[in-house]
Structures are given as C-alpha cells and as structure tokens.
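Labels run A, B and C following the written order; every chain starts at residue 1.
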Amino acid sequence: MQLTISGLTMGSIYALVAMGLYIAHLTTHRVNFGQGDYMMVAGFLVLGLGRLGLHAILSVLVSICMLGLMGYFLERVAIRPLDRFKRISVGAYGWILTTAGLALIAQNSVELVWGKSAQYSPPLFSSKRDQMVTIFGARFLLEELIVIIVAMTVVACFLWLIKKSRWGKAIQVVAFNPETAELLGINTKSVKIFAFVVASVLAGVAGVLIGPIVTLQPHMGLVFTIKALIVATVGGFSNPVGILIGGFLFGICEAYSNYFDSQFGDLYPLLIALGMVALRPSGIFSERSDDVR
Amino acid sequence: MNMLKRYLTFAACSMVISSASFAQVKVGVIQGLSGPPAIVDFGESYLQGIRLALKDHEASGAKVKIELQVYDDEANPQRAVALAQRLIQSDKVPVAIGTVSSGNVLAMAPVFQKANIPLVAGPSIATQITAQFIGEKPSFIFRCSMVEKFQIDGMLDWGVKKFKRIGLIHSTTGYGNFAAKEIQDGIKTRGSSLALVEAAAPGVNDLTPQMVKMRDAGVELILNFHESFELVYRPMAKVNYRPVVAGNWGLSSMKVMEIVGREAIEGTVMGQALDMSQPRSKTFDERMRKEFGGAYRWPVLAALGYDAGQIVFKAVERVGKADPIAIRNAIESMDSLQAVSATPAKPFSPSDHECLDKEHVFLGVWKGGAVVKLMD
Amino acid sequence: MFARDALSGTRAPWLVYSAGFLACLLLPYAGFSGFVVHQLQTFCYTAIAVIGLNLLLGFSGQMSLGHAGFFAIGAYGSAITSLKLNWPIYLSIPFGTALSFFAGALVGVFALRTRGLYLAMTTLAFGFIVDIAAQRWVDLTGGTMGLMLIPQVGGSSMSSASFNYLALCLVCLLLVQMAADFISETASGRSLRALRESEIFAASVGLNVPIWRAATFAFGSACAGLAGSLFAHQSGFIGSDAFTVRLSVAMLIAAVIGGLGTRSGPLLGTAILLVIVETIAGQEKFGLIIYGLILLFVLLIFPEGAAGAIGRLSSKFASGAKSIVYNVTKLGLPFNQFNGLQLEVKGLVKKYHGVTAVDSVSFKVKAGSIHGLIGPNGAGKSTVINVIAGVYTHDGGSVILGDHDLGFKGTAQRASLGLARTFQNLQLIQAITVAENVMLGFKPRWSLARTFFDWLSLKGCERADFEDALSVLQFLGVDDTAKKLPSEISFGHRKLVELARAIAQQPVVLLLDEPIAGLNTAEAKKIAEVVRQLKSLGVTILLVEHNMEFVMSLCDEVSVLHYGRLIATGTPAEIQANAEVIAAYLGSKGSTDD
C-alpha cells in the first residue's frame, strides 16, 4: 500500500509538470525544456525563504509568483523572438536550445546561492518531519497524502480554467488557429504569455510540493522534464485528465517496477511508454496534418 | 685575478638566477566539480582541504610560490584525459592531484605515468588505482584517499560479528556493482551470506520499494552503497522500520545528517579516517568552518584533501623547482608529515603508494552529531 | 540556406578534396603537442557526428535528441569487437559504423509515424535507453568503469601513434564531408529539403517518403557511429558516462551554432563548441551560466549559425560572384512528346466520419484531352483530385490509369507512373531556388556512381538538369526567375513555377487544382495558353476550377459535382444548358470569377 501512495505522490508531481508542458504546447507548439529546472528553482526558493524566516504560506506564495514571472521572462526571451525565424530550419526547433539555455542559467544560479549539494526541505503540511497518519489501520506519510490531494485540486482548477473560463476558451481558439483568433479579436500575444505563465506556475506548484518529499539538488531538473514529457506524450490525448491519469500510472508503474526489479526498474516505465507511443502515436504532439484543399 | 672575478660574478649571477627560479610552480588539480551531488560533494570538499593546505603552506613561510590550476572534469573520463593532457602539455605542471571518479583516475593515470608526472590520486577509492602502477619502476601514481577494500573489510568483519541478517542496497553504476561484488565475495569468505540484495538506479528519488523488501526480509543491518546516501533513511518512518545502516565513507558527510536528521543517522557506521573525538581533528574542523562557512560539509574528505595538499606542497618546497621526477622522489620519501587524517608521518614507500593503509582505516560511527571512532 | 552558404564556389570539387587529402596526410606530422593532437582528434570525430545530425535535422527536418545513442552503439561495437574478439581496428571501426547504421534504420522506421516534437521525444527516449543499457549491462560494456585497453592505432612511439591516429580521423572526416557535400549539392539535397518542408509535395514528385526518412536516419546515425568508433580508439578507454543526453545536446548545439542545413556548418559549429568547452573548463562556478548565455545569444542573434552569418557577410562583399553562365541551347521543352493516357474514375467513394464527401462518382478523361471538374464550394472537387493523386485513400470504387487500376498505391508510386499534380495552396519549396524546384520534377538522369564522379569533376551533371529546367521555365515565360527563391517572386509567377514543376515530371496525366485561383486576367490567359499547348503535346489533363469562362473555353468535357455526387458530364455547351447544373449554382452561365 505504501508503494501505491508513493507512486501516486510522484505521479501527481509528474502530472503537474506535464500539465504545464501541455498548456504551453497547446497554445504555441513549443514547450519549456527547462520545466523540471523551473520546478527545482521553486523548491529551492521555498527552502531559502523559509530559512530566512518567512512563514511557510508566504514563502510558497512568493515562490509561485516568482515562477510566474520567470514564465513571462521565458516567453519573452526564449520563445517569442524565435517566431521571427520561421523560415529558417532552426526556427522550428530553436526553442529547445533557448529554453535549455535558460534552464542552465537557472541551475547555475541556484548553485551559486545554495551550493551544489543536496538539501533538506522541511515539510509544508506536517508539523514535524515524517509525520504519519493512520487510515484504516495502515500508516501513511501525511506529507505524501496531502501532495496527492493538492495536486488533484490544482488539476481540477486547471480543468475549470481551460474549459470554462474566458482565458481558457481564448487558449483553445489560439491553439486551433492563431490567425483565426486574431480575426476574432483575441490578443494572441497575451494568450501566449498567459500560457507560459500558467505553465511555470504549475511547475512552481510541483516544486513547492516536491521539496519535502525528495531531497532537493540543483541537478534534478532534467530527469523530471523528461519524465513529464513522456507523461504528457502518452497520457495526453489532448485532455488534461488524461495527463493526470497518465502521471499517476507512470508513478505507480515506476514504484512497482522498482519493487519487483530494482536493477532495471527505471527502464520499464520508459519502455512501456515507448510501446504505448508506438501503438498510439496520436499524443498531444501530433502535428496538424497539412490542409491540402 | 680576472679569472677569480669572472668566476665570482658568474657564481653570483647564477645564484640570482636560480633563486629567481624559486619563482612559481603550478600544481594541477582535476576534480569533479559539477554534476550530481554524489560527485560534487566529494570534489568540492577535497578541494577545500587542498586550498586550506595551500594557505597554511604559504603562511609557514614557503620559498616557492605555488599556484593551483584547477579544472572540472565533469565526471567524464574523456574530459579527465583531455584535461590531464592540457595540464601536462599546455600548463606544464610538474605534479597533479585528482579526481573523484575512479573511472576517471584509471583513464588519466596512464597519461601521467607515461609523461613521468606524479599524480596524487584522490578522493577516488577504487582499490586498483595504485596497484596497477606499483610494479613500474618508478611508479608516478600515489593516492591519498580511502581504499575501498579496506573499509569494506573492516565493515564486514564488524557486521558479520554483530548481525545475523545483513542486506545490501547498491547503485547500478560501475562503482555500485563493483562494491556489491566485493561485499558478496567478502561475506562468503567470512562464512556468511546476505539475506537480501537490492539495486537501484543512481538518479532515483526514492528507495521505498527496496526498503519495503528489506523490512519484509527481516534485515537488521543494511549495507548502503548507493550514492544518494540519504535515500535509505527517508522511507524508514513510512515503512516503520529502523535497521542499523553501514556504508562507505559517504555516510560521514554532514550533508547527509542535515537531510535525514540527527536521530535518524545516530548509530550509522562507515569507513573512516578521521576521528572527531581527537583534539587535532576538532581544531581542523573549526578552521575549515571558519574558512569556508556553510560550504564546508565533509570533515574526512577535507582532511584527506588537506593532507594530499600538504604532501604535494612540501615536496615541491623541498625540490624548489618544477622538476617532476625530483618531486616524485620527494613525495615517496616524505617522512615528517603532520597529517590531520589517520595518514602516518611517512605515508609512502617504493612498494606502498597509499596514504592510508589497512591499519589506518577504522570504522566510524555517528554519535551526537559527529563522527567518532567506533569502539568495539 | 542553400543560396547563401559560406563555402559555395566554382572550383572543381576534386581539386579541393585532393588538396584536403594532402593536408590530412601532412598536418598530423607537423609536430603539435599531444594536447593539441588530442583536441584535433576530438574535433574530427565530433564533426563527423555533427555532419550526420546536420543531415538529419538541417536537411530532412527530423529532430534527433538521441544522437548520442548511435554514437554509443558505434563506440561499443568497435571497442568490444576489437578488444574481446581481437578484430583489427580497420575492421572494427566499419563494424561499429554499420551497427549504428542498422540501429538508425530501425529507429527511423519506428519513428515513421511521428513528427516534430513527438519524434524528438522518441529519439530522446532512445538515447536514454542506450545510456541506461550501457550503464547497467556491465558484462558487455563495463558500465561506468568501462572498457579499458581498447586497441589503438600503433606507431613507432606514443606520439607518432597519435599522429597516425589523427591522420586516420582527418581522412574519415574528409570522406564524410565529401559525401555530405555531394548530397547537399545534388538532387538528393533538393529532395531532402523538399521532404523537410512538405512531405505531401515530396510524395507527389515521386519521392518515397518513408524510405527517404528512414534512410536519412540510417545515414545520420552511421555518421554518429563512425564518430563513436573513432572515439573508442582515441584513448583506449570508454565508459558509459560519456554517452548521456548531454552529449546529444552538445552535438545539437554544435549543429545549430554552425548553421543548420549548410555545408560548412558542422565544421564551424564543432570548432566553436570545442573552443567554448575549453574556455569554460576552469570556470566551475559560472560555467553553466556562460554556456546558457552563449546559447541564447547565438540563437537569438545568429539563428542561421556561423555559416549563415559568414555567408551573408561574404555575399555583401562578393556581390559579383562569378557563376557559371548557362547557355540555353534548346528551345521549347526538353521532351517532345507526352504519352497521355486515359484516366477513368469509377464509382469513387470517399467518406469522412459519417460525411460522404464523394459519393459514387464516375467519369472518363480521354487520353490527350482536357477535362474540367466543377461544382459549388464544398462539392468535393478537391477531394476527388486528392483521391486520384493518392493523398487520401478511397472507400469505394477505383481509379484507373490507362488500363491499370491504381488500387491503393501511394502518392509517390502514382507519381512515378506519370501522375503529376499542382496544389491549390502552392507547395513550392522555400529553401531552394525556382530552378531547383523545377528540377525536383525530373527523374534521376544517371546512376549514383556516375553522378558522383560528374559532381567531383564539376562537369556539371547538374548543368544538364538545370538547362532542362530553364527550358521548361522558358516555355512558361518565367525563365528570368530561375535563380530566385520562391519568396522573391510574384504570386502569379509562383503558380507558373508550380506548373513548370508538374510539367518537368513528364506526366501522362496532369491534375491541376485551381490553376488560376488568385491570378489576374492576363496571367490566367497565359496559363490557359500553356494548358492548350500541353494538350497539343499529348498530355491528358484534369482540372478543377471555379472560373467558368476558363473552364468552358478550355475543356473538351466537363463534369459537375454537387454535394459529392456527379450531376452531369458533357461538353461545355451541354453543361451550360443543363438545368440541374444551373439550379445547383443558382447562377447564370458564363459568369466570370467572383
């Protein structure tokens, strides 16, 4: 049972990060290759602010706002300028390298402030470390349970945002066809900025949540980026709920395959994901087919 | 008369010239300074020790000005080899120190040996680093660090005596697999066997599955040979299981204690070469803290780096110039070292290029927030 | 960009490469220090891998974030066979290369259904899997401790051994660069660029897209494999830490900084990358920040990379670059007769999710005649064209070319049978000139070997194709646009170029999808004239148009579609008098464009 909870916890983190990738890609066909590194920055920010004496809630809020700002910065510096270069080969993929460049800078900045070692982040939701709860006779780590609940709440809010709110509808139009959106009077520039800000905020939430659960280190970003990309690809189906489920499944698969075969455990989720991709290549990244008419 | 004058002027000039050649000697340092904490903690701590040693060396009125040329090998063996060549051919160093990954050291050591440039290896711990070259006459490869075999031997001797059910968690890197094999062989020769062996990827975040299995197998002592040393501790509360943990000297980093907490790490045993209950160690600890503040986190690593630095700087001082062969000889014949770690006053001999021999390595234990020698 | 490449010149290639070959044999023995030799060796094999990546990404537009995986396969292939099986180096290196080639072909086939970022993800996962396998499969690869004492190239002393090895690396680099240049400057390069911009277009000129994509993957990976093999024998030691995703990213950076899709890009990019790495070597505090800033700087300010920037600079100075003057000696089209076939559509059905776009349509286009297909918007005309062209698969009925049922053949196969088409939304390849667009229509003239030797000696195998393209353009009256890029000419001229390309395919049946949409009267008249001339040369033509005057004046027979069904077929006069047709259009006969 512990395994399932651990798996769900990590899975919700992956899902949150993946959701950020999803919304960015939906709107602009580009993602932040440093999404995992952004998450890492959020974790360190909460840690650092907490050490400076700030109350937990305040440090969380400040960190998430910072991440939002970073999202704006990302769109402005690493994504938008490349739209000028649509004709040239690099225009199509340049964002991988610009966002990766920003990720490197973020990582080095964190190293300069907090050093290169691993750090311990105190729990957010429990009063002392390793606080347990007993539910139906089984013991669970309180922190992990709350992470799962928070993640699901955030996803629910996100869903409402996409489907019901005005911004969400604008995003869907821009996703379908930016030119049409312009004609309909939607400010596509703002929508794109909004998408990246939301994506970074999601990474921020993930970072805030993950700090107490795993040890923070500046090097951890890339692995999360890649796992989130995989989750978004497989569980996408153009549906945020699909990503959440995909994230949970990935996390559980990871936990159990490590239990059964610790030697190669981390390979199995990768291979399974690849297999699903081979069977159903219609992930969220399926390019619009050419309209020949 | 003229002849004498000429001779005297010549002698005077050459003295001036040769004292001018007491100018500068570069010492090369290759360390792992970027990448995962498992590497960086080693590299940075060792380098801190070297830097403090240099400071002390200069303060003691050295004639030779020593400059450190530090390179980061990014835990990549090819990088290490390229940097070794750069040190030898571009920077023209007569002696070098490094690095963290044993793979890197094994890759670049032949370069130093062939070029007749002495290398003090550290903090890498693979047993064969010096053994591979000791047959060469002369061998240019020394090591100032823990030797894996010694700490495993010590740990197994103690573990087999005290515990019936012993488990092993190791990482699937070359080092992890290698250590696992040594442990399994060692346990067998001691007439016992491991209750459970679990492996995990190096970059993994969570060892809950492995700990669950350990608990279910009733393991009392876990041998922890995974680079993310703290991961074994984190699930303990969750799965309600608190075995004794022993492992290599990675467990003596203060970072690990910070992350898992004093109570959790109390009683953990590891290979050691620095006994914090000794006054000399305490002094060193305070000085490191003063010099490096919060960045200082690993006493034994820094201590060995300090001793390695001392050895090299003293040797250079004795030789007085950038003469690699002379420096090598000076290192080998050094006999008045005042080491912080358990390194003896005469660390080396033509047949022994290890700072720490078997008798110098002991088991340490976390007690009250510091690592002291484990008493039987 | 092809037109603005830094290295393009008019010296015969064989001269340049011979000089290069000589340099390869002399340079290593000039007495450099061991460190410089080591760096030069690193430069050589890294550049080889980057050339492969450039081919993949810059030319065929397939992103590979797992290039390090193929590098690793080559390295281990060569290391293990030479170390454990005692193969000589001159056998193990080709083996490593071949191993990567096949791995690349496999991945290429696997990735055929993926595009863009999705392909990037798949290759990234592949790279990861290879990395993890190398790390865990300790029995085979030695894991992170790796393999030692891998045999190296020998020599009388240690330094002469490394000189010899440098010579080997240089020669390999030269050969790979030669192959890359050959591909870049001839038909293959054009085809790859077409593939990158529009796969539908590529298929319509007869390129078998899956094979081209997989083959490019295989070749790009083979380059990485060769690089890996050379890497394995450089220091006699490899460990799995060398093959992480960071290596893939580094190679990508080198390719982009150098300039994607250019000839000299990989060389420049690799050189710049190695300089950057060495410069930040001692900078363990700020190394990553510097790296990140350089990435941003280069991508935002010099997106075309070093080669592109140099190309632009040099074209500013050398505006009067001497180019070979082509004399158009032939008048009219390079082909005399087209053997037009009859095209028959029988009971054709095409459904989309419950909507029947084409409902049992049948008509015959007689050989050598012009047949018009008209109908109100949404009637299904373009769908019919696309089904005939093979872009969509039909759900019922058949398309018969001559007496040959086309069945479910793909676009490329139909094109090679002589079915050419134009596109409603113009699929010209922006990265190449007008003449090169037309040349894409030609079938390969000579065998690969002959083309290669011709290219080496600059006898101009391309020249013949170019001149033919020029004649076709002249036939359409737009030969003065030959050396321009499609973006630089007017819309009307672009439509003519599209038509020229279709003609270049020497079609037996020509499908024209709204050939005069967006043109003014004069331009439309020109197209009509051309179509008439084509008919007189024997081409069978099926065209879709809205402009009644155009259709009625030009066509021998007209078919009318309405809501996917054929409501009338006949001569223009008959159609114009047909009551049902008039009712369907709700308009009068002979109305000109809207």
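One rule holds in what follows: a contact is a pair of C-beta atoms (placed from the backbone, for glycine too) under 8 Å apart; a residue touches a chain by one contact, two chains touch by 3 or more.
Given the structure is predicted, the values throughout are model-derived calculations rather than measurements.
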Contact-richer chain pair (by C-beta pairs counted) among A-B and A-C | A-C
If you average the Cα atoms of each chain, whose average lands nearest the overall Cα average?
-> A
What is the distance in Å between the mean C-alpha positions of chain B and chain C?
-> 54
Could you tell me the distance, in whole angstrom, between the mean C-alpha positions of chain A and chain B?
-> 38
State, to the nearest whole Å, the distance from the C-alpha centre of chain A to the C-alpha centre of chain C.
-> 35
Identify all positions of chain C at which a residue touches two or more other chains, and write them in rising order.
-> 132, 136, 287-288
Residues in chain B with touches to at least two other chains are numbered 33-34, 172, 201
Where chain A touches two or more other chains at once, by residue number | 263, 266
In the complex of these two chains, what residues of chain A are touching chain B?
-> 2-3, 6, 10, 115-120, 129-130, 132, 139-141, 144, 213-215, 217, 219-220, 223, 255-256, 258-259, 262-263, 265-266
Residue positions on chain C within touch of chain B in the complex are 33-36, 38-39, 42, 132, 135-136, 138, 142-146, 148, 158, 231, 234-235, 237-242, 278, 281-284, 287-288
Residue ranges of chain B touching chain A (in the complex, touch as defined) = 33-37, 40-41, 44, 172, 198-201, 203-206, 208-210, 212-213, 228, 230-231, 234-240, 255, 258-261, 294-295, 297
Touching residues on chain B, where the partner in the complex is chain C = 33-34, 69-72, 75-78, 81-83, 85-86, 88-90, 101-103, 106-107, 114, 126, 172-175, 177-178, 201-202
Can you list the residues on chain C that touch chain A in the complex?
-> 1, 57-58, 61, 63, 65, 110, 113-118, 120-122, 124-125, 128-129, 132, 136, 196, 198-200, 245, 249, 252-253, 256, 260-261, 285-289, 291-296, 299-300, 303-305, 308, 382-383, 386, 391, 423-425, 430-431, 487
